[in-house]
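The structure appears below as structure tokens.
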């Protein structure tokens, strides 16, 4: 009955380490502080918990690592997502408020954030390097493209420093005058750093990563997503490899594109943006 | 089989009006823009949909308004929450970013927010009236209490205006210099106004209202919650009356407090804050 | 500020009809009983609410049907799912318990089910037609394949009738003897019909339909999914057309398959099942 | 910055045991198979993770067990639920299908269930003991009350055995005749045992327990809830003690009941059932 009969000696999946931390941007970090499964059978990776959950539905039998791998790849390929939900990752993150605002849109996670009503905010603000002050992309209305002129970039960096300094001095002065923290903080820019504990299951983390590691994601959240992925990849090597092969580096062909390849004719699409998307795919496919 | 056989003529629950809007704070609003049910049987209120969903489980028979009322009150009293989920409310809201940040913590809602990556932000910022610049509460570490000295309050209002002005001018100057919107907006304070469409079911709205109409909620979100409640109360009078009687104005007694009342002795609690909570309840109960 | 300024006359999206019902299997049905938006601008379809929500983030301007279409197709293609969440559909469904058990796995819906603790169960049971009694598929361990011998099929139909009859007679006899309904019902087969109200937003309905209209879904739930889709397609023609082009009839190529097409060599995959999946895709693409 | 600096030696919260299992009903069990946190600072309980998450918002400083306790009790009393979400419990459960159907209504959990499409069902069915075959309650339309006459109870037990036997023989015969498993299983009663992996966070488990340990819950699910609670109580003693004091043994007074106590008059309620609820509370309070 038990799916765990021969698990053998259990070892710490995080190798006895308390946190696996990466510094991000000028004052931020992302640190893995706990995971589930935390204790894993010696000689296996945390991936084993995915296969274990799946085998409740799909069968029993032996469970060598090679079979775990093929099962996990099957689950990922066919979007059987529930077994991946059986793994959890808990992060401690420090990031600018505007990054937190994008992050929190992922609703299937647990969050406890630093409270600016309860505690005094630090004077850490995100200021981009001048070379990260880029031009508005004309193609991607939500993105950036190429470097701004250095005088413009430098002006923005200088403006940021001045606004940060004035806002924080005004904030502190209000706090010192006894003004309620919840009121005083209204003056602080969205570049101010906040921090939180964030816990999410592996299925939803892959969804987060697919969106936030994408080249269209804002760079300042992308660097967190990339560090998160670098942290979990050695812990869940089988699941991550399947994620790369079947999600991250997969390509989705629309009905019209399938028909175009089959028929050898151009796809029946008139929308300019869609035609461009097709030409990028066709180029990648060598068609 | 049908629960709806004799519904009669259907009328618009919003009375033919496109939006029911209330102005909030200096530049905000909350507007109901759609609801489910939108078409209701003449002579009934939107509450009928709660009773209709409940009757799937609990039985059939006649369905006069008086029976709907008693059923809805029973559901609320006994926390049978699913029938309330069958009603939806869709709001268009404009509020400062720091209010949006508290609001978004309610995860069981659908949200589409104005994108500062895609569009230019307006120069509307929330500046509290001087009389709303209050002192940090000593009792409630998350709250405010009493007015600040007028000179301190006025200084904060002046500081806010200056920081808003400088931040927005720097923002605009960056935008005009071609800097990506997603970068330029980092400089803007959390008092900047954003807006969104927000859709939530009635059960989760009651949960939102219970938390955000509470005297411990920050005043700047409480005014939105109060306006939201004023908007829905005439639409769902039966559910809202039950909400007031069994949630908003209900009192929860802890195990120790129940024992104290029964025995006539002081409750066996040592925690200072808990003792104070009890004395407030005892006072309200006239004990 | 308003996204709705020129909506014009509003009409009932369900055309004044109280329910749009389809009979399913031997004693089941699926009926649309309400939707959001229910009142729509004359000359538009319910799709307008998707575009309206999206425009909060993506911009304003004119909103002709042609622009709604191109916006909705963009949202679907790029998996911008939140605007689709702003539409809701409420169904009244009657189906066998084993179908309800697959259906309820979709967690992002509101459900109120007929209670066998509160009410007496009817004597409706699902009995497959003899031609629907198929053989266990050898390829698809979760599926069926080809017809069973008619004697075996007929025996199963006969066995089902006998077991249904005996179970229901025993159930009724217990009920008449005063036994608690919650106990008596334990004897009833999973072929017994139950019913519920089920409300779900359009994004999650598309997810449901993608899984349950798939040829690998069990036929007895597939017929419900197909009827659901036939019901909503005329109501959301733009969204459904995008769903067909970018989801239902789309094809996902794995990283190895992309590489295979680009290089002209066989994909570097060793897994038997994956090789077969590739050969089906290659055939469809005419490669 | 770190909330974990002085955690000291980490030990297995489950004491090196692989599963903590309790037998339930005639063929069922509930077994805890993993938890988060799994590794805990020596000398602490798993409760520490609740306090750790809360301190992100509420402050830092020392964190002795006594302070953890007072913090956790505060969080539970004031319904600050997110810190409890940072703990997860994973159970392997075997229960009758009708119990699984009640259980799955709790949507905020991850589930992987044994698949009757993929695997052959066992011949384990739940048959109540004759003394558990009770009468339908007249007061509680969803409940049972007092023992049935022994002849009626015995007849139900006998009927159950016969129907189980015939249904399973017919099922097996179909399977042996090659009929698809997904079809053959339709004949099986809801008393058949299924099993699943079920993972849920502690906040939502407390919600589950509050509903399913209640005297109005069906006995056959209540025994699982009670065993679940007995399993987690030694693991989270601080949280469970707070749960008992502020949830399980708390009493909610309606607005009318508060007024009645204050004024010394009877509450202004006319609804018969509500009056009875009040008289039970008044009796318990010694009023």
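Order as written gives the chain letters A, B, C and D; numbering starts at 1 within each chain.
By our rule, a contact is a pair of C-beta atoms (placed from the backbone, for glycine too) under 8 Å apart; a residue touches a chain by one contact, two chains touch by 3 or more.
Keep in mind that this is a model prediction, so the values were computed, not measured.
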If you check the contacts of chain A and chain B, which chains show up for both?
-> C, D
Of B-D and C-D, pair with higher C-beta contact tally = C-D
Which whole number of Å gives the spacing of the CA centres of chain B and chain D?
-> 30
Averaging only over C-alpha atoms, locate the centres of chain C and chain D and give their separation in whole Å.
-> 30
By the touch definition above, chain B meets two or more other chains at residues 111, 115, 118
Would you tell me which residues of chain C are touching chain B in their complex?
-> 1-4, 7, 10, 12, 16, 18-19, 29, 31, 33-39, 49, 52-54, 56-59, 82-83, 85-86, 88, 90, 92, 94, 110-115, 118-119, 195-197, 199, 201
Where on chain C does chain A make contact in their complex?
-> 70, 73-74, 77, 244-246, 248-256, 258, 261-264, 271, 273-274, 277, 284-287
Inside the complex, what are the residues of chain B that reach chain A?
-> 96-98, 100-101, 104-105, 107-108, 111, 115-118, 126, 128, 132-137, 141-145, 148-149, 152-153, 155-156, 159-160, 162-163, 166-167, 170, 173-175, 177-192, 218
